[in-house]
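Each structure below is given as structure tokens.
Two complexes are shown next, each including subunit A; its partner changes from subunit B in the first to subunit C in the second.
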Partner chain A sequence: MAAVNSIKPRKQSPVAQKAIEHYIGLSQSLNAKTQNQMLSAKRLDAQKKLQALGLPMRRDEDWQYTSLNHWMQTAFEQNLPGWGKVNPDQLKAILPIFGTHRFVWIDGVFSQDLSCDSASLPSGLTVESAEITNADLVDSNHAFELLHDMLAENRTKIRVQKNVAIEKPVELVYIQTQPKSLATLSLDVQVEENAQLTLIQQVVSFADEPVCINGVLQMELAAQAICKQYVVQDLNTNDFYFNNQHVHQQASSVFDTLYVGLGAEVSRHQNTVNLCGEYADASQNTIAFGKGEQTIDSRTDTQHLAPHCNSQQLHKFVLDEQSRGVFNGMIYVAKGAQKTDGQMDNKNLLLSNNAKMDTKPQLEIYADDVKCSHGCASGQIDENQVFYCQARGIHQHDAVQLITKAFLLEPLDNVSNEAIRDWLMQRVSKLLA
Partner chain B sequence: MSEATQYEEINDLLSKKTGYKEGFVTQTSVETFEKGISEEVVRAISAKKNEPEWMLEFRLKAYRHWLTMEEPHWAKANYNPLDYQDYSYYSAPECSACGGDTCAADEAKKAEIAEMDLEVAKAFAALGVPIVGSENENTNIAVDAIFDSVSVSTTKREELEKLGIIFCSFSEAVHEHPELVQKYLGTVVPYHDNYFAALNSAVASDGTFVYIPENVRCPIDLSTYFRINEAKTGQFERTILIADKNSYVSYLEGCSAPVRDTYQLHAAVVEVIVLDDAEVKYSTVQNWYPGDDDCEGGILNFVTKRGICEGKNSKLSWTQAETGSAITWKYPSCILKGDNSIGEFYSVALTNRRQQADTGTKMIHIGKNTRSTIISKGLSAGRSDNTYRGLVKILPSAENARNFTQCDSMLIGDQCGAHTFPYIEVENATAKMEHEATTSRIGEDQLFYCQQRGISEQDAISMIVNGYCKEVFKELPLEFAQEAEELLAISLEGSVG
Partner chain C sequence: MLLNVENLKAEVAEDGKQILKGLNLQVNPGEVHAIMGPNGAGKSTFSSVLAGREDYEVTEGTVDFDGEDLLEMDAEERARKGLFLAFQYPVEIPGVSNKLFMQTALNAIREEKGLPALDMFDFDEYVQEKMELMGMRKDMLERSVNVGFSGGEKKRNDIFQMALLEPKLCIMDETDSGLDIDALKVVANGVNSLRDPNRSFIVVTHYQRLLDYIKPDFVHVLYDGKIVKSGGFELVHELEDQGYDSIIQSHEAQLAG
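Up next is the complex of A and B:
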């Protein structure tokens, strides 16, 4: 990464400048608390870098469809005193009924009461939370990763030992209860050789006013490891969500992720998957439903760095009212990554004339013996399909709903665990009704 | 054949020099401006062409704006920043310049053709461009030949004039049809559009001006041939094509340049205006000198081409075969403003050696029921990079807009790159758009199949590649399609295994 001093400072709007200063202030107060000098130094670096690079603007190629104007206007706070009340009924409505190893954070603080006992975890699985160290930081030029480096206090580490298959999913629930609260999530997942893990992550808000989630996940999948991940983002429609996931896969490992983006005013979920070992397989899917003034941004960057790897993607967006959908996908095939098979599909349904969809499916290929393709289609509901249903006695309104639902839920076909699939289906269907 | 030996063979073949037969230099006395660009140079170019005040104003406005801009580098192409003071911005064969001030007058022009420098005439003859009287009697094509900064000859003008068609050089049009030029210049590509468009607007050398009047179907193909001859000159043509109501024209463009050892700059601007019910077919076979094995000395082809389907039911179709240039940076675009208008883009882009091509199109849907089709075929060989970059934008007003995009890339060898960067922005729910992209290579089984039937490897490759490009070539006028196919074969020679 470029050294801080070599970055040419960018001019920022007064609002952006104010926001940067606010978060630098938060970072400084964290630094005052820690004993770890190396961590402080790294945080300081991140502060300087953010100051120089500034916040993303619409002018930036990667942010031209995702506006941060509203986000900048709210000064989110970390470590607010006291917790908001979590209504058990509210909680019950969002939690799955099947058994999981559950861990709950409220406003970014671990809640012992609502979580399972970590001593009761099966052997081979550990879930620990500890103070973040300088080695855990991302050190990138991405504004929200810099904010993570500046503001993360704790890091949750999940380990699955060699040859262990964890049957019950590990469930991580992040609940925001207080207005203007910011949770910086830092997650580290390591699945050792030939081990298996299913991970469910949920972010929800019970606060009336905007909250913000900023997460970074780093995952290492050793040879033959398998990880299935389901991320459900169901915040309120005035919230903000940013998540950057970095995955490194070794030979013959399998990574299967599904992002379900339902809430937030502005949400941005980015996967960076590095296929480093031969025969690794990655599948990345999105289910996104937008309404009101929401912007739902889902991005993938799939780096085929070794031969014989497969990647599949299916990203489906349904956009109603004035919502905006953004998909940006990159399949990169390095020189020598022969026999790559990369497939990326993005299909979008626009339900309203004011909805917008911006798509950029990209291919960058430096090897010749590969099969790579992307497909992308946007449109409205096919009148013929509605007519077909109506001719069979289904009311027009129901027909539209039926078709929309079937369209949106297609990525669930890949979910092998029936209980998880039913639960996700129920979560998404609730919104469509 | 094992992978390793197969590639060795490719590399052996690649290292053989492939012929660029248009690479000769014409020796003729020329008038060339001193290197460098400044307000004086802009004024001098304008004075040389004896231009009216408004044209000079346009140039100066563009030049001043250009000074405030930065050279863009977002395209997927690597090159050292250009030194704009190291180019000459005007160069013309001397005897055709006719002392400058009478250059635009009709008599002078006619005399000029008769007296045109023999060397220049020879050059065009060698290129197979019919510009001299007797030769073009039988050809079914009218040609405007441009040599460095000036148009040296425009054929079949009288014949076209009878139909009311204006087909002349841009400089002439400025004098003879100022009302038309003023009305349309800069309306599709404004002088502040981008860095190279601004530079072009400031120092525009020559170009072609075409006007097809109402209800006229142009009976022959119109064509422009561009030739860069002088070393270290930039060519900045400005082409304007206007198809008035219910008219039709097919316009072709060809180009070449001699072999040089430094990069040469070509920054053209093309504006096409299509009115109600009119149709324009714009075809380009681009064969600029690509440079030596490392693409040193090739042409930098930074072109802004844009057309507007202004009227309802209008149609604009871009077809291009791109085989030359060290770096190509070109996005022929359609603004589909009129209801029911149609935009088409067919492209074959071939890169070999170290060539870099970043090309594609923009389809901006504004009117109702507008339709667009994009078929792009990229072929990369050698150590080249071939990029498709395109935008399909459907504005809220574009009810029932329809787009179909297909970009296929073919990689030949394991040292090249093929990339696809499509931007799709949909703001209307009734719009339907589809995008597909695939990447492949010539299958060993396909080659085996042909070879088994007694077709040599080279022929088999040529056959497969031509089949792959057929969708685009069938859009080109016949002679051009043939030329494009031949070019493809030459450029591909020895690049495949």
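Up next is the complex of A and C:
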């Protein structure tokens, strides 16, 4: 990464400058509390970098379709005193009924009461939270990763030991309860050789004013390791969600991730998957449903760095009312990564004339013996399908719902665990009703 | 009378081109009517207008279905009241299983009849019986509606839906097009097994082959948006021997005279 001093400062709008100063202020107060000099120094670096680079603007290609204007106008706060109310019924409605190893955070703070006892975890699995160290920081030029480096206080580490397969999913639930609360999430996942993990992550808000989630996940999958991950973002439609996931895969490891983006005013979920060992396999899928003024942004960067790796992607968006969807996917195949098989598909259904999808699938290939493809298609509902249903007595409204649901839920075909699949189906179906 | 079509005129909604130009047809319960005619005569338009497709606009005439004004109803209501259209090209619906589709359709029609909805178990039992009748393979239920089906399988699937929904009037819109002789027999057997004193059929076709197996009670020739000749089953063979030309010519002569 470029040294801070060599970055030419960019001119920021007054609103952006105010937001930057606000978060630098928060970061400074964290630094005042810590004894860790190396951490303070890194945070300071991040502050300076953000000050110089500024926040993303619409004229930045990667942010052309995802506006941060509303986000900048709210000064989100960390470490608000106390917790808001967690209504048990509200909580019950979002939690799956099948058994999980559950860990819950409220406004970014770990809740012992709502979480399982970490002493009761099966042998070979550890889930622990500790104060963040400088080694946990990302050190990139990405604005929200810089904010993470500036503001993260704790990181959660999940580790599955060699040759251990954890049967029950590990479930991480992040609940925001207080208006304007910001949770900076830092997650470190290590699945050792030939070990297996299923991870379910949910973010929700019970607050009636905007909240913000900013997360970074770093995952290491050793040889033959398998991780299946389901991320459900079901915030309220005035909230903000940013998540950056970095995955490193060794030989013959399998990463299978599904992002279910349902809520938030602006949400952006980014995977960066590095296929570093031969025969590694990555599946990345999206189910996104937008309405109102929502913007749902899902992006992937798949780096084929070793031969014989496979990657598959299916990203499906249904957009209603004035909502916007953004997909950006890059498959990069390095020179030596022969016999790569990379497939990427983005399909979108627009339910309204005012909904909009911006999609940009990209391939960059430097090896000469590969099989790669990308495709995208956006369209409106097929009237012939609706008429076919009507001709069988199904109400037009039900027909549209049936067809939409089938379209949107296609990525669930890949979910091998029936209980998880049913639960995700319910979560998504509720919104379509 | 189950269906009474009087002086039906209809045009393509998009460009106002008139297709049906005063069509008359009466169908009593239990009767099987065939409507034949050359390409462009308006056969498919007639099926579509009866089923309620919005691509066509009725400009004149009346259609009475079982004592009610059919033209007042939207497509789903017509289906609920017992009208069934077997499609020339059954539509694929990816991701919706045949089973869910049919259960939803059956329950919609049961609702109309004031019957309770069938749950998954009751539906399974009901469907089992009908599958045996139609010689359906079980895996077709689990597959998405018509997706990856061969032409014959799609048609068979449509007839199977007909058997499930037990309509009063079945309209077969060129169901035989593109079918080989084996698939054609399956369709014909399906229709024959569903013949019932309380169920009528309108079989729209370009060719006589299907009719040899179904043996309709009445045969009508549609030409230029009107029925120009009606008769019994023997008319099929007259057409087979002489083609449409002689009928059309005598019709044109009548008009000129």
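By definition in this document, the second predicted complex is superposed on the first by the 433 of 433 C-alpha atoms of A that agree within 3 Å, B and C clash if a C-alpha of one lies under 4 Å from a C-alpha of the other, contacts with A are read in each partner's own complex, and residues count from 1 in each chain.
Basically, contacts are C-beta pairs under 8 Å (C-beta built on N, C-alpha and C of every residue); 3 or more make two chains touch, one makes a residue touch a chain.
Quick caveat: nothing in here was measured; it's all calculated off a predicted structure.
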Fit or clash between subunit C and subunit B when superposed on subunit A: fit
May I ask you to decide whether A:S373 touches subunit B, subunit C, both, or neither, giving the answer as first, second, both or neither? first
In the overlay, answer first, second, both or neither for which of subunit B and subunit C A:I403 touches. second
First (subunit B), second (subunit C), both or neither: which does A:L363 touch? first
Does the superposition put A:E61 against subunit B (first), subunit C (second), both, or neither? first
Partner chain in contact with A:A355 - subunit B first, subunit C second, else both or neither: first
Once chain A of both complexes is superposed, is A:K11 in touch with subunit B (first), subunit C (second), both, or neither? neither
Looking at subunit A, does subunit B or subunit C touch a larger number of its residues? B
Under the stated touch criterion, which partner chain does A:H395 make contact with: subunit B (first), subunit C (second), both, or neither? second
With the two complexes superposed on chain A, say which partner A:K335 touches: subunit B (first), subunit C (second), both, or neither. first
Check the superposed model and tell me the shortest C-alpha distance between subunit B and subunit C, rounded to whole Å. 14
Using the superposition described at the top, list the residues of subunit A that contact subunit B and also contact subunit C. none
Counting only contacts in the complex, subunit C reaches subunit A at residues 51-54, 74-76, 78-80, 84-85, 87, 90-96, 100-102, 104-105, 108-109, 112, 144-145, 161, 165
Which residues of subunit A touch subunit B in their complex? 61, 335-336, 338, 348, 350-380
Given the complex, residues on subunit A that touch subunit C span 382, 384-385, 387-396, 398-399, 402-403, 405-407, 409-410
Subunit B residues touching subunit A - in the complex, by the definition given at the top: 74, 396, 409, 411-441
